[in-house]
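One structure below.
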Amino acid sequence: MIRGRILGEVWATRKAPGLNGRRLLLVAVEGEDRALVAIDTLDASEGEAVMVSVGSGARNVLAPGPDNREILCDAAVSLIVDGEG
Amino acid sequence: MIRGRILGEVWATRKAPGLNGRRLLLVAVEGEDRALVAIDTLDASEGEAVMVSVGSGARNVLAPGPDNREILCDAAVSLIVDGEG
Amino acid sequence: MIRGRILGEVWATRKAPGLNGRRLLLVAVEGEDRALVAIDTLDASEGEAVMVSVGSGARNVLAPGPDNREILCDAAVSLIVDGEG
Amino acid sequence: MIRGRILGEVWATRKAPGLNGRRLLLVAVEGEDRALVAIDTLDASEGEAVMVSVGSGARNVLAPGPDNREILCDAAVSLIVDGEG
Amino acid sequence: MIRGRILGEVWATRKAPGLNGRRLLLVAVEGEDRALVAIDTLDASEGEAVMVSVGSGARNVLAPGPDNREILCDAAVSLIVDGEG
């Protein structure tokens, strides 16, 4: 999983049908000068530290496999951090 | 998903048959000194901010799975950004 | 596999159901200015040098495939280093 | 797809059987200080600008799926650029 | 495939069962300040230039698919370079 911090939401009207109804969050990637966009089902808020799952892991956040290959999701918020150490 | 901005189109006559008829866009990757090429089905224009899906997510932009494994697509424009914040 | 070193554990109450009961470790990636989070089944300790498997390899650490596609895991500690050279 | 430029060919006698008979090209990755090796079926020449497909996309360059999972190919030249803009 | 150079072997007693009996090599990645660990079946030696396959390509080095999804392998040495140019 990738460590990141929520920057905010992304809005769009023109998008692939598979993204309809999804909450899309902009996530700053820790230690890198970039942000990614992940689907959120945990109701994460701006400023929160999160983990983002990718690949099959991302689809398994939305609906556990194996029959989830039709889900359009390459990154999903899978955890909101309470603490590390 | 990867954040990027449309730089323009890519033309080619010599290509894998699986790319025939596809609109190919050059996308500058936000925060990195590189560009990638993504298949576009949303009619994105030069200068627009977009999100690019990868892996199975890219194939699911073109045709939702699970029976889309024959689609030659490792990156697809999945969203044109209206706003962030 | 990715080389890394264990920094500590990650705690969370809000997370995807697929992560319930998993031990999550923060791993500093060798040679890069970032850390990732991996599922641990080997009881790795803080400071230990480890290898992290990704993709299908990560799921195969938790339960060998092919019927493991429902496992939410994109990174898993697969080895604790005794020596290199 | 990854943008690159052909640097030349790679020769080897000791290799995995799945690479026998493949033309292997060394490709400089645009915007990065590295090169990758891709399988070529388009007869690309040194100095040409190309796109390289990865993952399932790479296998689909060699033989469209879904029954191509036995093909040893994680990167394939999928397009030789005529123009961009 | 990723270009690299063999740095040496990795030893471990605590590891995932799927790695038992595997020869694990530490490989310096060309052009990057990092090393990865790959499974070796070609008997590569320290100092040799190699190519490393990833994803399904890595599993296909060990045993051609499609029935190899239970193999714990996300990177494998697929070629030892004789020459480039």
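Each chain gets a letter, A, B, C, D and E, in the order it is written, and its residues are counted from 1.
In the analysis below, a residue touches a chain if its C-beta (ideal position, glycine included) is under 8 Å from a C-beta of that chain, and two chains touch if they have at least 3 such contacts.
Because the structure is a prediction, the values reported are computed rather than measured.
Enquirer: What's the fewest number of moves from subunit B to subunit C, given that each move must go to a chain touching the current one?
Expert: Between subunit B and subunit C, the shortest chain-hopping route counts 2.
Enquirer: Can you list every chain that touches subunit A and also touches subunit E?
Expert: Chains that touch both subunit A and subunit E, as defined above, are C.
Enquirer: Do the two copies subunit A and subunit B share over half of their interface residue numbers, or under half; same or different?
Expert: Answer different: the two copies use largely distinct residue numbers here.
Enquirer: What whole-Å value do you get for the distance between subunit C and subunit E if each is reduced to the mean of its CA atoms?
Expert: Chain centres of subunit C and subunit E, defined by C-alpha means, are spaced 19 Å apart.
Enquirer: Give, as an integer number of Å, the spacing between the C-alpha centres of subunit D and subunit A.
Expert: That pair's centroid distance is 31 Å.
Enquirer: Where does subunit E touch two or more other chains at once, residue-wise?
Expert: 32, 55-56, 58
Enquirer: Looking only at which chains touch which, which shape fits best: line, ring, star, complete or other?
Expert: If you draw each chain as a dot and join those that touch, you get a single closed ring.
Enquirer: Can you list every chain round the ring, opening with subunit D and moving on to subunit E?
Expert: Moving around the ring in the direction of subunit E from subunit D, the order is D, E, C, A, B.
Enquirer: Quick check: in the complex, which residue numbers of subunit B touch subunit D?
Expert: Its residues touching subunit D are 7-19, 24, 26, 32-38, 55-56, 58-59, 67, 69-75.
Enquirer: For subunit B, which residues are in contact with subunit A within the complex?
Expert: Of all residues in subunit B, those touching subunit A are 1-3, 29-32, 41-42, 51, 53-58, 60-61, 64-66, 76, 78-85.
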